[in-house]
Amino acid sequence: MAIEGTHIVQAAAFLGAGLSMGLGAIGPGVGEGLAAAKACEAIGKNPVEAGLLTRTMLVGQAVSESTGIYALVIALLLLFVV
Amino acid sequence: MEEIRKVQKRYCSIAITFAIFAGIIFFLFGLKPIGKGLILGTIFSIINFILMGETLPLKIGISRNRAGVYSFLSILSRYALLAIPLVLSIKLARFNIGATVCGLFMVQLVILTDEILHQFYFSNRKDLFFKPKKNRTKKLLWKN
Amino acid sequence: MEELGRIHQLIIPFFGHNMTFNLEVIVMTWIVFIMILAFGFFAAKNRRIIPGPVQIMGELFVNQLYGLTEDAMDKELGQKYGPLICALFLFLLLSNWAGLLPFMEEPTKDLNTPLSMGLMGFFIAHYAGIRAKGFKGYIKEYFEPIFFMMPLNLIGELAKVVSISFRLFGNIMGGSIIIMVVSHLTYSVLLPPFLNAFFTIFVGTIQAFVFTMLTIVYIAVQVK
Amino acid sequence: MTDDIQVWVKVAAFIGGGMAMGFGAIGAAIGEGYTAAKANEAIARSPQISGDLFKTMLLGQAIAETASIFALIIAMLLLFADFSNVSTLTISIFLSSGLCMGLGAIGSGIGSGLPTGEACTGIVRQPGMKNRITTIMLAGSAIAQSPAIFALVTSLILLFVDFTGRPVSPTWAAIIGAGFASGLGAIGSGIGEGLVAKSGCEGIARQPLAATRTTNVMLLGMAVTETTAIYGLLIACILIFKSFPAAESIASSMALLGAGLCMGIGAIGPGIGEGFTAQSAVKWISRSESSTAQLTRSMLVGQAVAESTGIYALVISLVLIFVI
């Protein structure tokens, strides 16, 4: 089993892609969960504004998800470009 | 402590009765290893349950970290005991491994089944998935 | 266990390219279409003041989904997008439940179906956004915090399609693979009926609802 | 050379068994420590019902220990396995199986300790509802065991599936990746489901009249929280049952290992996050009856969105398995 330089680079890229997406999913996952938890609390206190609160929650979650999307982009770059 | 003893007596007797009945049925069908394994697993499961209850009050009155360390030690010592039937059933052909594992969870199964049966058949508390009977719940609240 | 990823395919050569059709998925999709059409026909056949059982089902269903849509948007837009949402939910629900019957498979088990549903929702949401805000206002949204955030906003929009369709696909596919593995292990004795009920009825319903809900909300976010 | 392999297989079995037992016991110990701390407070507040509290603790602990007994079974199977007929792949199978069960037992151990502790507090607050609270606690901790059951299924499949005839080079990575995917993936869901069950117990203790809808929403939230563990199991099954062609280069092995790690680690965060969401929703549903429908809806949407990073991890792992 001859190990060449290009193979090692490719192997590192694949492993790195997996780790990038995996580790990058932890923070946004917990953060979005907290955002949704707070939104549920607010709806519990004031059910009349449920539609507005859900929209606000989604916008906040979309912003906090952007780090997860950066991780996705990096993983895809590592997979297909490197 | 009386409460614990009562609970233990109840669940352990149900578990061992069930295991012996099932074991006899397996014996009658000629599946000796399965019956033996079931009874062996259940006996050790009951010993584990009783030891768990005995060590429970010792955890009260100490800090959370010490309780964690204490539980870790208690788990390890109790599991050394639980390993005996597993090793026996792996090494000897007389005991069926799958049946032993089923026996090890007999107490847990009995607890869960008992709770579920109580919920639906043996009591008036049928309101898990239905609307609660209002007057009954109010009476409960008044009592306290 | 090798049948795990196998799909019956019809491959037709077409001017040097191979066109691939997933036969089961197409047939199952058509069966679901026919079921929806039959439901709609019988619900609306003879409408009366005192409704029959099928009409009651249809009315409840439509009322609930219109209510959901009007909650998320406003009254007028809710009336406009309600039919779409009803059709989407009914299609996904029946597709997810199709696996219950013997010799039938969920069309949503193939990635093509959820992805096309997700793309449809995506295009409708953006069309609604352009209609509501005008082209200039719509474009301006992408340069929102700072102007060079544009590519990331764009990826974020595309990631919505990926996440919404892969959520449905992953759940249904995962359920069917788990049922297959467990029935392989236990020789199809005890657990598979319960697992089948859990994954098909419960998870299928929830995922259909979540998909529909997210489509509504994406449209609502674009419109507001 | 065969002796050499046998030595390594033994080493792998001992390491695997040790990891299974160690991790499994740590999770259960943390959970029980939490329970003991809560029970301390409860007994200090009303010592006259300490019998009921001990009973609740005992039942809760008996159910909560299921995950670590699973770990014990896997450890014993590994330590006393048959070492006579082994190949190079057996090394990675034993390592992966132990790792999978050990990691998978952590989440459920911690998670099922949470409702038991909360049930002790709840019984002090509302002694009349003690049967109901005990039932909900038992149901919650039994459902919180399901990620550990997924990990157990993966370990057993790894131990009993016939891998002969598979090429060594990418298959070892697929096996270890499957262990990581299922084991790490179970942590987040286990803790998350524990959080949901905890707030279910709390809600029933605070608002006994709201018991029915609290229970229903709790079960719904737990079922949705479990999906990330199901993704982990899905990737593990694909990695185990798909036969990969032999490859000389290290790159394809690393792709499979990366797929497993990606799904496993990526499922932790969404699992805990979904647990937070459902916890808050259950808590507020028990307090305000009028907003049940809105809260259930927002809970489902919030959980679905919080899950999307887990889905990106699923996509990357599928790409790593099928495209590369």
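For reference, chains read A, B, C and D in written order, and residue numbers begin at 1 within each chain.
Going forward, a contact is a pair of C-beta atoms (placed from the backbone, for glycine too) under 8 Å apart; a residue touches a chain by one contact, two chains touch by 3 or more.
None of the values given here were measured: they were computed from a predicted structure.
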item: Chain pair whose interface holds the most contacting C-beta pairs; value: A-D
item: Between chain D and chain A, distance of the C-alpha-averaged centres to the nearest whole Å; value: 21
item: For chain A paired with chain C, centre-to-centre distance based on mean C-alpha positions, whole Å; value: 23
item: Approximate Å spacing (C-alpha centroids) for the pair chain C, chain D; value: 29
item: Residue numbers of chain A (touch at least two other chains); value: 50, 54, 58, 62, 65, 69, 72
item: Touching two or more other chains - residues of chain B; value: none
item: Shared interface positions of chain D, touching two or more other chains; value: 294, 297, 301, 305, 307-308, 312, 315
item: Chain pairs that touch, as defined at the top of this document; value: A-C, A-D, B-D, C-D
item: In the complex with chain A, residue positions of chain C that touch it; value: 71-72, 152, 155-156, 159, 217, 220-221, 224
item: Of chain A, residues touching chain D in the complex; value: 1-4, 7-8, 10-12, 14-19, 21-41, 43-45, 47, 50, 53-54, 57-58, 61-62, 65, 68-69, 71-72, 75-76, 79
item: Chain D partner contacts - residues on chain B that touch it in the complex; value: 1-4, 7-8, 49, 52-53, 56-57, 59-65, 67-72, 75-76, 79, 82-83, 86-87, 90-91, 101, 104-105, 107-108, 111-112, 115, 118-119, 125, 127-132, 137, 140-141, 143-144
item: Complex contacts: residues of chain D adjacent to chain B; value: 21, 25-26, 28-30, 32-34, 36-37, 39-40, 43, 51-52, 54-55, 57-59, 61-63, 65-66, 68-69, 72-73, 76-77, 80, 126-129, 131-132, 134-135, 138-139, 142, 208-209, 211-212, 215-216
item: Footprint of chain A on chain D - complex, ascending; value: 169, 188, 248-251, 253-255, 257-277, 279-281, 283-285, 287-288, 290-291, 294-295, 297-299, 301-303, 305-310, 312-313, 315-317, 319-320, 323-324
